[in-house]
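For reference, the structures are reproduced in the following blocks.
Two complexes, one shared chain (chain A), two partners (chain B, chain C).
This part shows the complex of A and B:
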């Protein structure tokens, strides 16, 4: 039993997952399913970004969908209106994501808790309104069609679904790797300290503002790159992309998988995407299921799937360990179980 | 000059609607310290209940409004019992996510039943009063009169009745309120009921000169948040004054600056205010 549990967390498991992802398009016959998987990976990259600021650093950013749209629109406007090739436009998406993230972060992160959530909600709405109304720049509510697909290298052609799937997979693996590096570094521990308590972090000598802004900018860059990829695969984009609902989708993905865990964002995104696919007609009314699900999850399983699994394993090990021995490390992705219970009283 | 006075009247109309919605939001915040993101959805449900009672059942406008207030008050209390009460000891991020869950659920249910089309509620008060160059549609006067009457009634309720005073006591000092034997559950339920009823009445008043659709609560909710940040979260006079400020800013800004971007004005105000004073305009001290 213990070996089975350990296997889930071993590096073999990670390679196995990667291998599964690599053979997926070869096993699945329908190209549509590969396309759905590629889109799910794109969203997962954005959710990894949200995980950095909301999961690790504990700041609920409700403008995340807006930064996704900024990335997508950067690629769309540069390729369609200015004739840029995809890759330079894609790089610019990251730059814009960082610049806007920095600007918004500098103002919004001075605010705490509820003020931050409300402020970012407003920022998300401003982004949506600007995209919808600024017709000279964004084509308004018509949206932008015929966005350039990524140029291939040699024989590879990214307008086809399967090569694009591998491209997105490569980005996803890179995103997870970066998240893991951050999570295991001093920076990751700094973020977690900030989540547990601002005051605690400050008393440890952590520069709150600088670290929060850093987490915010990292997250917006993730979102903007994911948006750029989205523009490259769907090749159409409209103001709806900046709608709240996408931010809320991402919160649902993150919550199902588990805030502040390494594999949670991927698990949550894949599970919900495929559940939505499995029930035909659910797409439009998914919120009838998602809404109560969000509520039930935060009441009964606030740590999400991965988080619940990890803390269950932690308790199990603690029970089994002979008294007096040191508990084994449960890995860097261990969620902070004691997420400041009294936070509301202090806040 | 007439134009200016006309815009002032428009601002007063908008401001009183925003004020009513913001009042509910600020009351709930004062008691539970939860920013209730589902409040906009309650506003939207209020408009639909009014639409249902008036257009589909053929009831009188005032009966429909009362029905909307009752239904939404009940719904609001249910949210408190089923969602916010179990989460009262959870980290604050959880309340926000749960509130978002309620918002998405209510919107999806309404959209499933009525579709995403725009609908209209006919007003029984179609007269247009003229005062020199000014045109005063009766419905607008009704909104302003109704909203201020309601604010006055709420003020009397909070200051002159025992139950009202328990709400204020709990907003001022939770532990102190417990010490003198105030029942927290009752106060919380009462507050949510009042907040829901205010949102539903605001929606029923405003709907005849506006449209009814599932996403109608988004902008109103965001502006209500801007208002309670302006006025200080939990402050009742702050919500009314803030509502008027935003109402005037929008009416005058929409007329003199740009009508395309009038919805952005409130948020630009928010960004500017929070950049200069991160705790809001009228708050003192903590948070």
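This part shows the complex of A and C:
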């Protein structure tokens, strides 16, 4: 039993997932499905960003969709109106994500808990209004078309779905890798201490503002890069992109997967994306399916699917370990204690 | 160690702490007692920097802490525990303690991304510190257990360990024996003595009078934010002002 559980958290599992992702476009014949998966990956990258500020650091940021839009519009405006190639524009998306993240963070993070959430909700809406009304810059409600795709330098053509899928996959893997580094390190522990309580974190000598701003800026950079990729694949964007609906979608992804877990953002995004595909025939009525499912999930898996699995496994191991220390029956009890820590961080 | 002069905190018209002056010598157990609402926790919050005082000086090792940020005060060597123990429930005891030594490390985001040598050294130091403090509070055997599966007394000990992991010289304990049974209280008393033996100055708030009278070297009594008495347990116990403050309001043993 333990073996089966451990397998889910092993590096073999990680490679297996990656391998599945790599062969996915080769097995699936429909280009449309590959496209849906690529878009899901793009959103997953943004959700990973949200996970840093909201999941690890505990600050519910409702402007996240706005930063996604900032990234998308940076790429769109620079490539269409200023003739930049995609890659430098994409890099600028990250820079703008960081700069705006810093500006918004410095102001909004002075507020705590729901005040912060409400403030960021307003920030998200202001970003939407700016995009919608500032026609000279953003083309207003017309949106921007013909955004430059990522250049393949003659090697690959990223306007094709499959190469773009691999490009997005590479960014996703990188995003997860960085998250994992943060999560396992002292920095991740610092963020989690803030999530427990501001007072506790401060009493441990943690500078609240500096660390919250850092987490916030990391998250907005993730969002902006995801937005930049989105602009590169869809090649059309409008003010709808900054609609706060997207922020709440991302919260739903996190809720399903599990706040503050490493694989939760990916699991949640994929599950909801494919469920949405599956019930697309219902159109507007699909919320009748989603609503009850989300309610049930929150009741029975309040920590999300990944979070619930991890805490179940962790406590299981913790209970088994003392028995093992008295009579080392398998010899595996010692690492088991270590693993329960490693696993928390890994998964 | 801690020299407090004319410390005052007003919330609007109400003075939660009013013109309190007191000196807490190093390497001993100092206690703050008083009826509910006397301003004890506010007093702690002022010393730890969680609130800025309206007036007064908090001199710690020759330096005025009044108005300093709480994290800066923690780095200067003042640690605290809270009335309600706040820990990461979904994690093991040992895992909870590692962040305690974070303030003595300097790794930043870049170190984290490139997994630098400095980060590795910092991580190692923090883990060692966590194991060391866990050993100190006598919980090495449950380091792997989930916080959610530990008892109230064990949580209190973990909270002590977390405070100690910051390498403090002064520790402020807010009701260290709150919600803990008499036998376990004795264990915590021994632990507090052990902290003092290892060169830590302790300052605590407690409602358990028998415990205070047994362990405190010095007691100050607050009532309505004002210091009404100070001295050794015997002096305080026999002070008519203290007896009046307690018996006039609620039944207490002192």
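The working rule: the second predicted complex is superposed on the first by the 299 of 347 C-alpha atoms of A that agree within 3 Å, B and C clash if a C-alpha of one lies under 4 Å from a C-alpha of the other, contacts with A are read in each partner's own complex, and residues count from 1 in each chain.
By definition in this document, a residue touches a chain if its C-beta (ideal position, glycine included) is under 8 Å from a C-beta of that chain, and two chains touch if they have at least 3 such contacts.
Bear in mind the structure is a predicted one, so any value in this text is a computation, not a measurement.
S.K.: Looking at A:294 after the superposition, I want to know if it touches chain B, chain C, both of them or none. Which is it: first, second, both, neither?
M.R.: Touch status of A:294: first partner only.
S.K.: Classify the contacts of A:133 with the two partner chains as first (chain B alone), second (chain C alone), both, or neither.
M.R.: first
S.K.: For A:251, using the defined touch cut-off, is the partner it touches chain B, chain C, both, or neither? Pick first, second, both or neither.
M.R.: A:251 contacts chain B only, not chain C.
S.K.: Now for A:114: first (chain B), second (chain C), both, or neither, which partner does it touch?
M.R.: Only chain B; A:114 stays clear of chain C.
S.K.: Tell me which partner A:311 touches in the superposition: chain B (first), chain C (second), both or neither.
M.R.: In the superposed model, A:311 contacts chain C only, not chain B.
S.K.: State whether A:214 touches chain B only (first), chain C only (second), both chains, or neither.
M.R.: Second partner only.
S.K.: By the touch definition at the top of the document, which applies to A:204: first (chain B), second (chain C), both, or neither?
M.R.: second
S.K.: Residues of chain A that sit at the chain B interface in one complex and at the chain C interface in the other, please.
M.R.: 340-341, 344
S.K.: Give every residue of chain A touching chain B within the complex, in rising order.
M.R.: Touching chain B: residues 54, 58, 60, 107-108, 110-115, 117-119, 121-123, 125-126, 129-130, 133, 244-245, 248, 251, 255, 285-288, 290-295, 298-299, 302, 339-341, 343-344, 347 of chain A.
S.K.: Quick check: in the complex, which residue numbers of chain A touch chain C?
M.R.: Its residues touching chain C are 178, 181-182, 185-187, 189-190, 192-193, 196-197, 199-208, 214, 218, 303, 307, 310-311, 314-315, 317-319, 321-322, 325, 336-337, 340-341, 344.
S.K.: For a test of understanding, state which residues of chain B touch chain A in their complex under the given definition.
M.R.: For this pair, the touching residues of chain B are 33, 35, 37, 82-83, 86-94, 96-98, 100-109, 111-112, 218-219, 222, 225-226, 229, 233, 260-261, 263-264, 267-268, 270-271, 274-275, 278-280, 287.
S.K.: Under the stated contact criterion, what part of chain C meets chain A in this complex?
M.R.: Within the complex, chain C contacts chain A at residues 48-50, 69-72, 74-75, 79-80, 82, 86-88, 90-92, 94-95, 98-100, 102-103, 105, 107-109, 112-113, 115, 119, 122-123, 126, 141-146, 148-149, 162-163, 166.
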